[in-house]
Each structure stands twice: as C-alpha cells, then as structure tokens.
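One structure follows; several queries about it will come next.
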Amino acid sequence: MFDLKKYRKKSPWILHYNAGSCNGCDIEILASLSPKYDLERFGVINTGNPKQSDIFLVTGPVTYRSRERLVELYTQMPEPKVVIAVGSCTCTGGVFRDMYNVEDGIDRYIPVDVYIAGCAASPELIIDGIVKALEILEQKSKEMEKPHKLFREATSEGGIVNRRHSALKVGEIDEEN
Amino acid sequence: MIESIFIIIAPIIGGLLYGFERVVRARMQNRQGPPLLQPFYDMFKLIDKQAFIVNPYHTILGVMHFITLWIVVAFIIMGQNLLYVIFLHLLSSIFLILAGFSVKSVYSHIGSNRELLAALAYEPILIMMAVGFFMVNGSFDIAVIREHGASIVSLFLLFLAYLMVIPIKLKKSPFDATEAHQEIVGGVEIEFSGIFFEFLYMAKWLEYIFVYLLLMLFAGDNILLGIGLFIGVFLLVNLVDNATARIKMKHLITIVLGLGLTLGICNLIGLAYV
Amino acid sequence: MKKTINIPLGSQHISLLEPVRFKFECENEKIISVDSDVGFVHRGIERACTTKFKFDAIGYVVARVCGLCAITHSLSYTAAIEKLLGGEITKKAKYLRILLLELDRVHSHMLCLSHTCENAGFEAMFMRIMGDRELVMEIQELLTGNRVQFDYINIGGVNRDISSEVAQKIVNNLYEVKQRVLGYMDEFTNNWSLSLKFKTIGALSLDDAYRLNAIGPLARASGLNIDVRNEIGYLPFSEVGFVMQTHSEGDINARNIVRLNEILNSILMCENILSGLPEGEIFTKLKGKPNGEAVVRFEAPRGELMYYVKGNGSAMLDRVRIKTPTFASIPAFSHIFVGENYADAPAILASFDPCLSCTAK
Amino acid sequence: MKKIKVSLESVRDEIKSFYDYKQWHLLTLNGLALAENKMEVQWIFSKYEAMDEIVVYYTEIENTETIPSIVDMIPSAIISQREIVDMFGVKVDGSEKGLYLDEDSMQRPLSGCSI
Amino acid sequence: MFTSFAKAFTNLFKKPQTIDYPLTPIVKDRDYRGLIGYGEEACIYCLKCEKACPPGAILFVPVENPPENKQNKKGLKYHYNPYLCIYCSECVRACPKPDEALWQSNKKPEVAVMDDRVNEGWFELEKLKKQND
C-alpha cells in the first residue's frame, strides 16, 4: 500500500476554539478564510467538529472556565493532531499575563506545536502557522497519544517531563542550551 | 463488462465531480479554491486517521448507508427496475437516519429528524417520477427507459419538481437544512470520525452519481441531450446555491411538497388524459 | 416522558466566534426558554487596571478587552483620563480619532453582516462581504500599522499623523466600499431566501426595547432613538455629518438595514473629515496624575460603552469600571430568543453582534 | 454628572419615583471599594436624547449588608447585580453568584483585598 | 437574488481575488508595526522600555558576561519575547534614543515550534529577574 501519511498535509481540517481572547485573532481567522487569503486552497475546511479535525486553532490565554472545555476538545480530536496557539496571549498570556482568572498561555494545559505571535495575528501569520503545522502534521504518528506511548515519550530523554526542568531558549539566543 | 467497471469506479467519478464542484463554488465566490483532487486527499487522510467508535450500531449503520447507496448506483447502471432503485435509496437514507438516532448527541437527533422530514418531502416526487416514466415508456425498467426517446418534454413538470429534489439530496442552499453546518454542525454526521466518517464522505459522492444518473433518464437515448442536461443543471444548482440562504425545514416541506407535488400530479393527470 | 429537548449552543460551536453557552429548551425546535452562560471569557481586566498597570499603559490594556471595538475602548479610557487631567487636545487629534472610530465601525458592521449571512446559510454572501471588508482592513493597516489592534490613541492625542497618500487611499477605498454596500442593500432587501430567514424573525418591539434598556443597533432597529454620538459633546460628531439611523421593524432584517445605513453614514463622515482636516499638532502633552471621578460614554459598533474612572492622584487608579454594550443587552437577547425556532437561533445571535469578550472583560 | 446620596433602605423608593422607562435608562450598577469592608454602590442612569445627562444614585454600605434588588422595576439590572455579587462578594436580593466566577469561589476580586 | 445569481456567474470567469501568499510574499508597509529592534551599542540601560511595556515583553536580566557598554553598570542583558509582545510600540515612545537603541521594524514575527519554548523559557527569565530585585 502506498504511504497515506503524505495526504495528511493536504487536507487539514481545522477546529477553532476561543479560550478567552479579545476576538481580534478570531476575526482574523475568519478573514483568512475569506477570498483574499482563502485558506481553502490548502484544503482547509472549518469543520467545527472535534472528531473530524486535524488542526486545533486556539485563541486566548485560557480563562478559568474555558480550560475544561479546551482539554475536552483536545482529547476529542483523533490522532494525529496539531495544536496551534494563535496570537500573543495564547502563546504566553500576552497582556493578560498574571491576571487572576487567566492561565498564562495554553501550553499550561495542552502541548502546543506551533506558536503564532502577533496581537492580533494577521491572516498572513496564520497562514504561516498553518503551513508550519502541516509539516508537523505529516511527521506525527497516528499512535502518538496512546497512554503508554505518551508516558514513554514524556519520560524519555528530551521528553516533555525532562525538558520542563532544563534550560530555555527564547531570549537567550547565544546560550548553549 | 463496461457496466461493472462503471460500477466500481462510480465513487471515483463522484469524488471528481465533488472536487470539481468545490472548485466551481470557490470561483463563484471569487476565490481560488481547493485543488481538483481535494476530496481524494481528504479521503486518504480520513483513512489514515484514528477513529472513535461511539457504539457498534452507529458505525455499522453508517457503513451500510454507503454500501446500499453503492448498490443503488449499481442498479441504475445495470438498468434495473426504477421502483427498486427508489425504495433501495430510501432504505439507505433510513440507515443513515437510524445511525443518527443511535447516538446520544442532540445535534445528531435533530439532524435525523430533519433527514426524515426531508425524505418525506422528496420521496413522493421520486415515486411520481417513476410513475411518469412508466406512463411514457410503458416500463419501470431503467434499461427500457434508456432506450426510449427523450421524455423531458412530456415529463417537463416532473423534471421541474425533480430540480427541487436535487439541492436536498446534495445538501445545497436553499434546501440544505438537513446538514446545516451552522446550526447543528452537520447533523447526522457529527459523531462519525476517522475511517467511518470516510464512508459517509464517500456516500456523499455516490449521492452525486445517483442524482445525476436519475436526471439523465429524462434524456432517454439522446446522450447529447443528457450531457447538456447534466451541465445545465450542475451550473444551475451551484448558482442557486450561491444566491440563496438556507431556508428552514418548515418552508422546505411546504415548498417541496406543495409545489413539487402539485407539479407532479398535474403532469401525471396531463399524461393520463391528454 | 419529557416533552422538551435541551439543545446546547456552545461553548464551542461553528457559528460562534466566542465561547458563550446557551441552553435552549425546545419543543420540537421551538425555543420555550433559554439559559445563558457568558462568563467564559472573564479575564479580570478591571482588577488588573487598578493593581497591575499604571494609568498611562491602561489604554493599551483595555483595547484588548475586545478586538472589534478596540478603538472605542481605548478612546473612552483616554477621554476619561483627559477629563481628569483637565487638558484639551487639538482639533486635528479629535478629527483623527473620529476617523478611526468610524472606520472601525465600518469594518465591525461588515463583519457582523457577513457573519449573520453565514449563520443563515448564505456562504456566498459571507465571502462577498468578507472580501470587500479587506478594503477597509487595508486602510486601517496603512493608517495605524496594524489590522485589528490599532493602538492609535494615547493620552493627549493620537500616535501617528496621516500622510496625504494615505488620505487619498482611504478616500479611494471608501468610495469603492460605498458602491459595494449599496449592492448589499439591494441583496438584503430583495433576496427571497434571506427574507424568509430574516424578516419578522427575532423581533424586538419598541416598548420592550425601552423596558429592557436595549442599546445600539438592536435598539435603533426597533425605533428607539439612542445613539451616544448624539448625546456627547466631547467629539464633534454632528460637525462631520452624523445622522442617526433608525428603523421600526425590530427584526433581523431591520438590524441589518440599520447597520448598512450606518456604514454609509460612517463613510460619509470619514470623507467629510478627510476633506476638512484641520491643521495642527496631533499630540499635546498632558501633565499630572488623574484625580477624581469621571463617567465617559461612547458609541461602540454594538452600542453604548461606558467607562467610569476614579483616580486618587497617584499613578495607580482606584477603579476602572467598564460597561460594555453586549453586557447591557443580554436581558434583551434572552427575551428575543423565546418563541423563535432553533433553526434561526444562530442567525439571531449573530444579528445581535454579540461581543462576549467585552461582556466578561 | 449629578450625584445623589441615598440611604440603603430608601434606594428602592428613590429609584422608583425617579425612573421613567421612556426617559431614562440604566447604564449600570457600579461598585467601588472604599476600605477593606466598606464599599460604595452606584446606580448610574442616563437620559435618552439629552446632552450628557447622567444621574448617579449612590450609597455606602458595609460588605455584610444586603443590597435591595431593582429587577422588578428595571429588568436589565439583573446582569449588573450578578456582576456586583461576583466581584465584591456582597449579597444582592435575588441574585446568585456565578456569572463570571464559580458558584463556590471564594474570590472577591474588586473588593480591595488580595485574592 | 438575481443579482447575486448573476454575480456568481460572472465571478466564474473573473480572476479570483485570492493572493498567492506563501509563494509571493506580501510587501509590508513601512509603517507596519512589526518586531521591535534593539541596538545594543546605543542603549543607555535606563530601563524605561521595560517599565513602559504593558505585558512585560522586555526584560533586562543580569548575566555573567554582560555586553560591553559603559552605561551598563549592573551587568544587564536585553531580552525580548516576540510571543509576549503586543506590538503597541509604547516602548519605542518611552525610549530616550528611539531609532538607535530601540525601534519598531516592519518585519513580521516568525512562527515558533514546541522546541523554542517561548513560554517556559520566559517564565525562567522572569524568575531570575525577581530573584535579583
């Protein structure tokens, strides 16, 4: 049988969830579906149904109430899947950092594969992010998030558990780590 | 031999048609649109994806919907009895409706309800169409109808009624309340995922083949007229899709049953007495 | 057996841009009661304004309350601070503020119209309006440097001057937009399927509008004369040609027509501003720290926006109260839904132009 | 902006005698933390089609007191009242917690104390 | 209805509005508010930008071998997180030497992936900063 993997990147269906953003990024996602930017040329369909989606577009810094729904949607999506954090407040909390009802960035809750900067992220940047996400989607394994796999991955060297305690990259360009 | 090849590649033709339609629709909306082979990319991706099974009946009924539809298309290509075709098609719809009712999701239930109401609206027209073909050609057999001359003139009112059925079956505005993405997120398809959604997705392609093959029956043995009808109706359906909003189930039933049934009955009475 | 079904809408739903959850209790698709939960987007901006940020940075923070009416938020806040500081800004700055305010209104109304169409199942119209909306986004980007979050207004004036090329481009694009909007007007009044979807659906009577304190296009569509631009003397709206747009029907169609008329009026105002832009500085430095309390209102695209600011003479403020338009309209929303069909619910909801990130702050 | 001080007991009567629904609309209820356990409650009204006519009724209360509800006169006050309950942790007649925060949340974000 | 019918038909033969973005890049206007640029030599380490930034996307953190600059008395190093920045250019307005030490370029921010650790990395920097205060 021929390799089905390469078709993943030709048909990314997106699911959009607003976890407490200011609407700016959401309307830019709508604008990137509009004729000028037309995400559908990459095969993107805005399904709105987690069970049939490949790419999870999240906007917003994750408010206290929306976090449950966020994780629920994430778990409802079948593998392989890619999570994109759209906009500054989704990546790191942005201007809402340290407010009392906000978690700083969605990677507190779910693993994020692509971070799109910008306040608000323009359609151009969203397209950049989706193109990047397609590469990652192709590499991802179908079996990735089975629990034992997840555990093995996380505890392995360079896995998410170890990486959390090691040194950092952003802002420290000339650091050896 | 040629027939069996046609039967096997029917979903592929349907997929191509669907892909072409997506391009046309995008162009009508002044944008570039997906590549022509997009439905097949989607198909391969869906095969590759992890699937969640809500309950076994749900998935089996979904698969049965696809298989029955394929049999329907096969029957048409083989030239079987038109009444068999129509009732078998109804059966395939029933499978889908039952699948919708077999899960807990409210959206799925509403979708099934609407699907059932839509079947109620278009099924009489299909049956009257069969009766009309019988009155013109003297047989329910599709093979006979195909060899007979074009019946579009004598069945013109039924043809108009059938034009109303096409958007319902293809989930096009203004009659796409059964799918209604913005209201019920796809209705019955909501709980399908992975390869099982793939069957539903391919059933949609077969629906295209079914609808347009029935349409071509109006042309009889005149192949050129058949192709002309297909292109004309294809364009018309897409243009109407791009010029109307989705109307509600209530209006759908009043319009399709009221107008379509009247047109059909007039046509049959005309055939019987003129 | 229970006769009704509960249909949830949200918090994630394709027809919603924002998380809000409605629970419709339906009797065979007819809504008999509605329960809403609007707190999904609560971030705590009001508290952060008094504990985390100094008063001169808050203008940029409150702009992030809502991306669609960002300019109204920062304008209201800066106006309140300017009132407390007691300074007067130049006339040119005032004109430029109105210019951006009205451009924002145009793009916000266009988004609302297209979203209403999309939720009514009219994808082509959605694409058409969204495509034309790019004309407005383009000039906003030229004028302020960003498409959505403008950060154009600061305390004492505006951040950037307008060059003559940009002014020319704005005039050209707005002329184009005007032609397109006239086209929509025809579509919204004459399309048969849209009339089935919009006319007499989701109607709010004038008396209910009074009783429920409806504001913005929702109230104006019912014939209630409420437009804050008519009620404040801070910016010279009437000078640049503001005319209030009202309609009497109160249904979705009326709201759409009101929005379309407002777009046309806003375009007219922008053209007037650009043709008669006064010379002068765009920025006056205001000294001191805010002290005392001020209430400032502005007309956001969705209705009346109120800021209550209390300062105590230091860099930290005592209280910033944001009353957003959608927040005040929620009782009216819930009232309208009852008795309608579930199939219309997404379109009705979109026609309110709800902004939940405003509501929950 | 006209500020009128009222007592907590008389606020309902004052608003009832003042509020004409065809002339005035309720902008919002506003709370203002004065000290650790004291707050000011404001009812802000504005007049239709008038230049900047805003009337504020205000009263100072202890956080333990119950604010009377005005929902029977002005239905749209319900949402502002719920917000006050959430944000200041005070009681308002007939309004329960849970608009923005959880029902069982102990937070009182705007009441002046730390969270 | 018929106008949009006709419009859909004519659109069929028109060139679509879509721009071919990833293949042909969009030319940004000179005044586009993009990434913040920083000139280490010109900086006088007054930390005004750090204080002005609403989200705190600029941090001056002490490091072991700080950049050589006479003004840099505390041994600080400039850090900037484009994934926290809200692009309001308040820092540039606060800067006493705009265009030399700090300026707003019209370059758009790049996309980051998981390994870039845009959030966790910044948390550590903030912790470091707090320890030193």
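By letter and in written order, the chains are A, B, C, D and E; residue numbering begins at 1 in each of them.
The rule we apply is simple: contacts are C-beta pairs under 8 Å (C-beta built on N, C-alpha and C of every residue); 3 or more make two chains touch, one makes a residue touch a chain.
In this text the structure is predicted, and so the values were computed from the model without any measurement.
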For chain E, the least number of touch steps when starting out from chain D: 2
Furthest chain, CA centroid comparison against chain D: B
Central subunit by CA centre of mass proxy: C
Furthest chain, CA centroid comparison against chain C: B
Selected interface, A-B versus C-E, where C-beta contact pairs are more numerous: A-B
Centroid spacing, where centroids are CA-atom means, of chain C and chain D in whole angstrom: 25
Separation of chain B from chain C, taking each centre as the mean of its C-alpha atoms, in whole Å: 43
For chain A paired with chain D, centre-to-centre distance based on mean C-alpha positions, whole Å: 41
Chain centre separation (chain B, chain E; CA means) in Å: 52
Interface hub residues of chain C, defined as touching at least two other chains: 13-15, 39, 42, 44, 47, 60-61, 64, 124-125, 127-128, 131, 146, 149, 191-193, 360
Multi-chain contact residues (two or more partners), chain E: 1, 4, 8, 16-18, 54, 86-88
Sequence positions of chain B contacting 2 or more other chains: 26, 28-33, 181, 185, 242-244
Sites on chain C touched by chain D in the complex: 38-39, 42, 44, 46-47, 50, 210-213, 215, 224-226, 230-233, 294-295, 297, 304, 306, 308, 310, 318-319, 321, 323, 327-328, 330-332, 360
List of chain B residues in touch with chain E within their complex: 24, 26-33, 238-240, 242-244
Touch list for chain D against partner chain C, complex: 1, 21-22, 25-28, 30, 32-33, 42, 44, 46, 48-52, 54, 56, 74-76, 78-80, 83, 87, 98-101, 109-110
Touching residues (chain side chain E, partner chain B) in the complex: 1-2, 4-5, 8-9, 11-12, 14, 16-18
Contact set on chain A toward chain C in their complex: 15, 17-28, 30-31, 33-36, 46-50, 60-61, 63-66, 69, 73, 89, 94-96, 98-102, 119-120, 122
